[in-house]
Every structure is written in C-alpha cells, then in structure tokens.
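In the two complexes that follow, chain A is the common piece, with chain B as its partner first and chain C second.
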Partner chain A sequence: MSLHDLLLAPFSYEFMRRGLLSAVLLGVSGGLLGCVLVLRRLALMGDALSHSLLPGVAVAWLLFGTSTSALFFGGLFAGLLTALGSALLSRLTRVKEDAAFGSLFIVFFGLGVALISKLPTRINLADFLFGNVLGVGASDLRLAGAVSAGTAALFAIFYRSILLETFDPVFHRATGGRGGLVHLGFLTLTVLNLVAAMQTMGIVLALGLFLLPAVSAYLWCDRFFSMLLLSVGLAICGSVVGILVSFHAGLASGASIVLCLGAAFLVSVLFSPRYGALRGLRLGPTRPPGA
Partner chain B sequence: MRLAREFAVLGLAAAACVARGAQQPLLRVVTLSTVLSEVAREVGAGHVSVAGLVHPGVDPHTFNPSPADIRAVADAQVVLASGLSLETYLDRLVAASGSGGDVVAVGDALPAAFAMPGAPGGGETDPHWWHSLDCMVAATDIVRAEFARARPASAADFLANAEGYKARLGKLKAWADAEIGRLPPNRRHLVTSHDAFGYLARDYGFEVHAISGLSTDSEADARHLAGLIDLIRREGIPAVFAEDSANPRLVENLVRETGVRLGATLYADGLGPPGSGAETFDSMYRHNVRAIVGALSAR
Partner chain C sequence: MDSDENILRFRGVTVRYGRLTALRDISFETPCGSSTAVLGGNGAGKSTLLRAVLGWQALAGGEVRIGDAHPQHARPRLAYVPQRHAVDWDFPITVRGVVEQGRYPSLGVFQRISPADRELVDRALEELGISELAERQIRRLSGGQQQRVFLARALAQGGDIFLLDEPFAGLDLFGSEELTHILRNWESQGRTVLAAVHDLAIARSCFTRGVLLDTSLVAAGPIADVLTPANIDRAYRHGHCVHGATRSAAGEEAHP
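Presenting the complex of A and B:
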C-alpha cells in the first residue's frame, strides 16, 4: 500500500472529509474547554451533561417530532438548566459544584426517562439525538464551524479572565474580575459545544474529544498556554489518525478516534517525565507547581 | 385512545362470541411484533383478544417494556414474539412478569430450511423473517397450531381462518412475483440502513448492501461506507433506501456523495402507524415492493 493509499485516498470520499473536518473543528474547541474542565475538576461534567439532555429532547420530540434542530435546542435548553443551575446552587448553598451537578443531572435524567415512558411512541430517541461522525451533513458542519470559531474567539478575548478564574478565583474577584460571570459564560459555552458535538458526532466521540486531549496535555505541561496548545494539537492528531485507522481497519469511526486519543493518554500517564506513573513509582507521587 | 381501541376490539370479539353462542372467554394473546398481532387477529378472529406491546414505528431491537407491558405479559395465555434473538429482552420480560402463559418465538419455530444466516462473519440468524412470504405462511401455521393447542374446541375455526389468511398471502406472492419480475436481475441491488431485507433478497435474488448490521444498534465504519460508495458507482445502482425506524443520516450522506436517488422509506421492522398506508401486512409489503421496484427500475 502506497503512502497515497494510506493517507490521502481515504479523503477522496466526501463523507471522510466532512467527518474529519467536524472532528477537527470541535476538537479545537473541545481541547480548549477540556483544559479548564480538567483544571477545575469538572472533568465528569460532559458525561453528566449527556444524561441531563434527555427531558429537553423528549419535550422537543413531543412538540416538533424528529426535527434535528428542535432536538438540538431541546437538549441545549435542558443542558443549560443543569449546568447553570448547579453553578448557582454551589454559589448560593453549601453544596459543592460537582455534587450539585450530580444531583441535578440525575433528576433530569429521571425526568427524561419518565417523559419518554409517557410518549405515545417509545422510539429510540438516542438514535436521533446522537449523531455519527460518518453521517455529518452540511448543516452539521456549519454548526460545528460556528461553535468552534465562537469558542476560540471568546478564549482569545477573555484569556486573562479565564486564566485567573481557573487558577485563582479569589484573587480574580479581589482584583475586580467578574468571576461568577466568567464561570457562567464558560459553562454555557461548554454546554453548547457538547450538545453540538453529541449531535453531529455521537456521544462517545464528543466526550472523548472534551476530556482525553486535555488530560494528556495536563501530564506534560506546566504552563496554561502550552497546555491549551498541546491539547488542541492532540485533539487534531487523534481525529486524523483515528479516522484513518477506522477507514483501514474497518472499526466504528467515533470509537476509533477515541481509542487513538486514549492511546495518547496512556502513553502520557505512563511516560510523562515529571508526572507519569513510572516516575511516580520510582520517586513517589508529585504535585505540579501551578498547573 | 389505545385503550379505547382495545376495548372496541374486545367488544367486537365478545359480540362475535355471543353471536356464536360460545361460552368460553377470549384467549388472551400478547404479541411483541406488529406483524404477529395481525396474524394472531386473523387466525384467532372471534376467539382471541390480541394486545400488541411494540407499537408501529417503534424500533423492536431497542424496545423498552413498561410496567403495563409486563402486566399484560403476566396476564397473557399466549405470548407471541418474532424470535431469532430479535427481542433480546424476551427472557427477562417473561421472567419478570412471572407469566405462566406459552411463549412462542415464532422465528425459532420456523422450518430450519427457512432460517437465514446473517451477514458473513456474524454467526447470527437474520431475525426479519416476515419479509419472506413463505415464512409468513409457515408462521401462520405456527400461530394456528399454538391457538389450537390452547383452545382445542375452536381448532376448526382457527384452521379455516388460517387457510383464508394464507390464501391472501398467496395472492400477495403472485402479485410480488409479477412486480419484481419486471426488474432485470442486474438491477437487484438493495442498499439500506440496516440489514433487514435478507429474506426478501433471498426470495427474489437481490443483493443486500446494508450500512449497518442486523440490528439498528450496530455502528457503521468508514471502510464499509467507502466500499458502499464504490459499489454504487461501479454497479450504477440508481437508488438507496432509508427505513422508518432508523436515523437517516448515513443514508443521506450516501445520497449526497453519489448523487443516487433516495427511494421511498421502507418498513423494515414491522407495520407502519395508522394513516401511513402500511398499517396492514399486505399494504406494508406492497409499499416496500413498489418502492424498491419503482426506484430501481428508474433510469
């Protein structure tokens, strides 16, 4: 097999180009957002969020049928309620954000299951909510592009606020930063990205792109900016290699990309010179300075 | 509404019993397939009450029984399932209900010669047997035998009903033979969302190229999709088909990429909902055959 067959021929198919482009676009924003999620210990937010979308989707289904945009906005609405609700609860009450998130999402999930059992038809909603990276259409691509560009632009504009709010929210507030607002904005952006990613590419790939590159980068970098760059770079590389592996080996494409990102994570977790497991076994665990 | 319909059916059936002076209560039958609901109603007309748990348009591969469904199974004297592992939840459902009724997995009871292995590589048997009219005839006999065993007194009626239904299936087969006969053999390529039409393909010499496997649950991979695109171009296949119970995204991508026509939506996993024009087996089968022949014979 020539190099051309290996690397370029697969992209003579339009569905491969679209699939890769959507994974790269949302990989960029997922790589950025994932870093903040990992540093703020909200890494499981995506997983929780995917469950909380259900009631919104069920209601949208009841009102508008299988229209994908209706399902998107239904899911988005339920996701925003969960994320912003838990942020508010953690600020107004004693409950920490992860516990608030966990509680709200499971209530929403329960509500969704109850609603679905009341729907006139017990169709498999997940099949319509969660897309497939090989089924990305023109409108999906537009959505991914808009969400990704918006996320990158907001990161550039509010870089300083995000940095401060991530590492030292108390200092941020003391110096006049609108910490609460930055946090709520960040959560909104994350929900928007996750719902878009789940709908265009499916749940496995969406969660993988938002977590694995960022955790891997966390094991190599001490500076926030380099962590962002490495995370985005890993997301892009994983998408390209994963979709090629899927093409040549005949594996499910979303899972294949996630497995490539998982391999990068495994290598990082074992061999990272400062924070890897092998070093930890020799010298005892370390804590990173700063990031 | 559903309850009202069931009561209406019950009422009609009861009236029929009274008219015949029958004293026995109706045989309570629960089915997990829209097709088997029709077979049961036809064969048992006047002697059985049929409750279908899987509604039209619901994906039977991923159906999720509710407490009301479990209660219906518990009360049933006969439970009819498609079988051949289509209802992966069947054993759990029956166990949970504590039902003492007879559970008949019709597909498993079909003559061995009718069963068809699934896609090469997978050892599974294709569970979508109702797309073969020969299987439908055999299934009618299986249901008749089961009813006759549960209600020997009505066996003669069941036999007469079953023969009537089989005669209609025979007419349908003659129609389908003529209709598909118009399609040249080199045009008999069926590209669908999931692998549900193996039986139709075997009966009429189609080659099936499905995007995903026997269940709507299995996920497609990039190599397979690329292979399908190459095949459509190489063979000049004029149309591909989406199904009622599967997400059409991947099929739409095939259409975008190759410029083939998207044929009418096929009913892969059972009958259509009221008003769909595919709410009986006869109309569902005719719809599928017309859609396939119409789209594939177009230039």
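Presenting the complex of A and C:
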C-alpha cells in the first residue's frame, strides 16, 4: 500500500471528507471545553451528561425524523433538563449533586434505549451510541462548524473569565464576575458540542474527544493557555488519525478516534517528565500526602 | 484618619442560612489602616462576617458600610485572599499568572493587559519577594511562598482593604512568622487587614484589633481588651464541644 493509498485515497470519498472535517471542527471546541472539564473536576459529570442526551434525541427522531435541527434541540433539551434537574434536586433535597446527576442520567439513558429499541424505524442503536462517520450529512457539518466556531469565539472573548471561574470561582465572584452565568454557559456549550459530535463519535464516546486530549495536555503543561493549545492540537491529530484508522480497519469512527486519543493519553501518563507515572515511581508521589 | 471614609461599620448585621442564624445583630466599627483579627470558634460566623464585608452575603437585617459606601460600591477597594485549601495547587498556572489575575477585574472584555498592569504585577511580586519565582508552577513552592503569591494578587488589585480567610491555616512556624511580618508591615503602611483567625496566640502577636464572635458579638476593640479571659470564656462557652474549646483557648493563652 503506497503512502497515497494510506493517507489521501480515503478522502476521495465525500463521506470521508465530511467525517474528517466534522471531527476536526469538533476537535477544536472539544479540546477547549475538555480543559475546563478536567480542571473543574467535571469529567464524570460530562460523561453522565452525554448519556442523558439519548431520550431527547430519540423523541426528536420519533416526531421529526432525521432532521438535524430536531435531533439537536431534542438532545439539548434532555441535556439541560438533566443538568438543571440535578442542580435543583441537590438544592431542595438531601441528595448531593453527584448522586442526583447519576440517578437522573441513568434513568434518562434507560428511557432512551427503551425508546430507540421500540421505534418503528430501521435506525441502529449502535450508530447512536458509538457513532457512524457514514451518516455525517451536510447539515451535520454545518452544525459542527457553527458550534465549533461559537465555542472558540466565546473562549477567545471570555478567556479571562473562564480562567478565573475555573481556577478560583470565589475570587471571580468577589471581584464582580458572573460565576453562575459562566458556569451555565459552559454547561450549555458542553451539551451543544456533545450533540454536534453525536453523529461522528456517538453519544457514549463523544466525551472522549473532549476529555482525552485535555487530560493528556494537563500532564505536559504548566500554563493554562498552553494546555488549551496542546489539547486542541491533540484533538485534531487524534481525529485525523482516528478517521483514517477507522477507514482502513473498518472500525466505528468514534471508537477509533477514542483509541488514538487514548494512545496519546497513555504516552502522556507514562512519560510526562514532570507529572508522569514513571517519574512518580522513580521519585515518589508528585505531591505531599493530604495535599 | 477617622474621617467617615475610613471606618468599616457594622450596624445590627444579621445573617441567616435557612433557619440557622450565622450572625446575630452585630454592631461594631473598626478604623481603616488597622489590622483586625476576626475570632471565634467553629461556626461562630467568622467567614460569614468576611463575606458580608465583600457584599455577597444577603443580610437578614442591618447594614455594612465601608466609609459611606455599600460594599458593592466599594469593590475596587476590596481584595480577598482565599483559604489555602480552597486552591487547586495542581492547576496549570505560574506565580505570575496568579498575580496577573489581580488586574483582570479592572480590564474590559476586549482590553489587553497593558504595560501599566504589568508594572503593578511586577511591583506586587517584588514587594512580596517572589520575583525570582515568577515563572514557577504554584505547586512547586513552600507553604509560605504559596501564601505570598495570593497576597501579591491581592496587592496587584490595587485596593487598600484586605480580607483574608484563615491565612494562617496550614502554615508551619516559619510560614506563620513570615506572614505575621508581612501583615504588620502592611498595617504600618496604612493598609487595612481583616482576617479570620482561629489561633488566639497568633491573633495577639499579629493584630492590633480584634472582633470576637459567638454568632453574636462578644467583644470588639483593641486586641488586648478583646481577648480577656472572661471574653474568651464567653465566646467559647456556647461552642458544641464546650470543654475542649475552652481548654484549647486557655492552652493557647499559656504560651503566646
């Protein structure tokens, strides 16, 4: 197989070009959002959030068919319902936010699976869950472009607020920052990006595109800005390589992108000179106990 | 110095969380340009009192005034230093990065950090003796150095009233002495410091004034008048572990 066959020939197909472009676009916004998810310790919440989109998407499908915008708003509605519902539950009852989130998302996910398995269509549950790059249509691509550009623009404009809210929310508030607004905006952006990534990555795997590049970058960087840049770079590389692997190996696109990003994570976690596991084994833990 | 502008006033301040009363009818005044320790047992309302000065505590009654201004209008004068354990020391940020945050509140959304802002940051780093450490990630500092980074951020904000939440918590002996030295220096330069403190010995050695709380006000004024055995007994008597609290308060008294 020549280099041309390996790297360029796959993109003679329209669906591959679309899939690649969509994954790269979402790599940009996912790489940015992932950094905040990792630093604010919201990684698991993001995972729960992505699962909870399913019933919204299923109902939208049931009512409006394959319309991208219907799927989008269905997912958005379900995601925000979970996020706001668990925030409300933890305020009004004894249940803490993580338990509220966990309970709500699993019920939503169950409902989604039930709905899809009973839907009178030929749609495939596996495509919803794990992604199918073949299904990326022109409207999906437009959605990915809009969401990605919007996310990048908001990060550029509100960079300082995002940094303050991530690093020290109390200080942000003490200096007149709108912490709640930033947080809500961030949740909304996450849901938007998850929905946009659904077609290529699948609901279950979409978060991998956000989380893995960010946590890898976290292991290398001592500055917030460089972490953002590296995370976006890794997300783009992982998407390109992952799409190619999925083409040649006949794998689900979501799975192969996640595996490529997983390899980057593994290398980082082992070999990062300052915060890697090998260094930790050689020199002891990187932080004092209890810190 | 005792012009209206330079007095921090509490008048009948009451704060409730649901049915729990965190502060009950607190009234006192403290002149700006002095350092005041806010003292009391756990749950006595120390942090709540600081939050009230910052203006982000809805009051059930009374008012807080900084000079004649409501705290929200005095915001440029206020600088807040968080508790050490509230900070994520693994965050990818350098010492300079943290201190620079002190300038963020005065920048508009589309405004870049100006040379004048950088100058203020440099001066704050220098005043606290951490210029050499400016490019270090914040985990790789000693406890005292970490504390100084956040004091430098407060300085870079350009205010004159500093609110510190348990600044001595988690510092070793050397770190505590360093911080005492810095805070005394600040007071002599006319800066106002209001700090939640739980160690009575430190309060005595570092602060000139005190406010002793037990959800209600027990005493306020010069530190020696506040920390009398009778007042300490009153403040810690209602605590949930009565004997332990009284004894530890008395114990701290024994070796100042």
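The rule is short, and it goes like this: the second predicted complex is superposed on the first by the 219 of 291 C-alpha atoms of A that agree within 3 Å, B and C clash if a C-alpha of one lies under 4 Å from a C-alpha of the other, contacts with A are read in each partner's own complex, and residues count from 1 in each chain.
Criterion: a residue touches a chain if its C-beta (ideal position, glycine included) is under 8 Å from a C-beta of that chain, and two chains touch if they have at least 3 such contacts.
Everything numeric in this text was worked out from a predicted model, so none of it was measured.
Trainee: Contact-wise, after the overlay, does A:10 reach chain B, chain C, both or neither (first, second, both, neither)?
Mentor: first
Trainee: Does chain B (first) or chain C (second) touch A:39, or do both, or does neither?
Mentor: In the superposed model, A:39 contacts chain C only, not chain B.
Trainee: Classify the contacts of A:186 with the two partner chains as first (chain B alone), second (chain C alone), both, or neither.
Mentor: In the superposed model, A:186 contacts neither chain B nor chain C.
Trainee: In the superposed arrangement, which partner chain does A:167 touch: chain B (first), chain C (second), both, or neither?
Mentor: Touch status of A:167: second partner only.
Trainee: Which partner does A:175 contact after superposing on A: first (chain B), second (chain C), both, neither?
Mentor: second
Trainee: Does chain A have more residues touched by chain B or by chain C?
Mentor: The partner that reaches more residues of chain A in the superposed model: B.
Trainee: Looking at the overlay, does A:158 come into contact with chain B only (first), chain C only (second), both, or neither?
Mentor: Second partner only, chain C.
Trainee: In the superposed arrangement, does A:72 touch chain B (first), chain C (second), both or neither?
Mentor: neither
Trainee: Touching A:105 in the superposition: chain B (first), chain C (second), both, neither?
Mentor: It touches nothing on chain B or chain C.
Trainee: Tell me which partner A:250 touches in the superposition: chain B (first), chain C (second), both or neither.
Mentor: Touch partner of A:250: chain B, not chain C.
Trainee: Any idea which chain A residues touch chain B in the complex?
Mentor: On the chain A side, the touching residues are 10, 13-16, 18-19, 117, 121-124, 127-128, 131-132, 134-138, 243, 246-256.
Trainee: For a test of understanding, state which residues of chain C touch chain A in their complex under the given definition.
Mentor: 54, 56, 75, 78, 80, 82, 86-94, 97-98, 101, 104-105, 107, 109-110, 137, 139, 153, 157
Trainee: Help me check something: in the complex, which residues belonging to chain B touch chain A?
Mentor: 55, 57-59, 62-64, 66, 216, 219-226, 229, 245-247, 249-250, 252-253, 256-257, 273
Trainee: Write out the stretch or stretches of chain A touching chain C in their complex.
Mentor: Contact set of chain A toward chain C: 39, 157-158, 160, 163-164, 166-168, 170-171, 173-177, 218, 221-224, 226-227, 286-287, 291.
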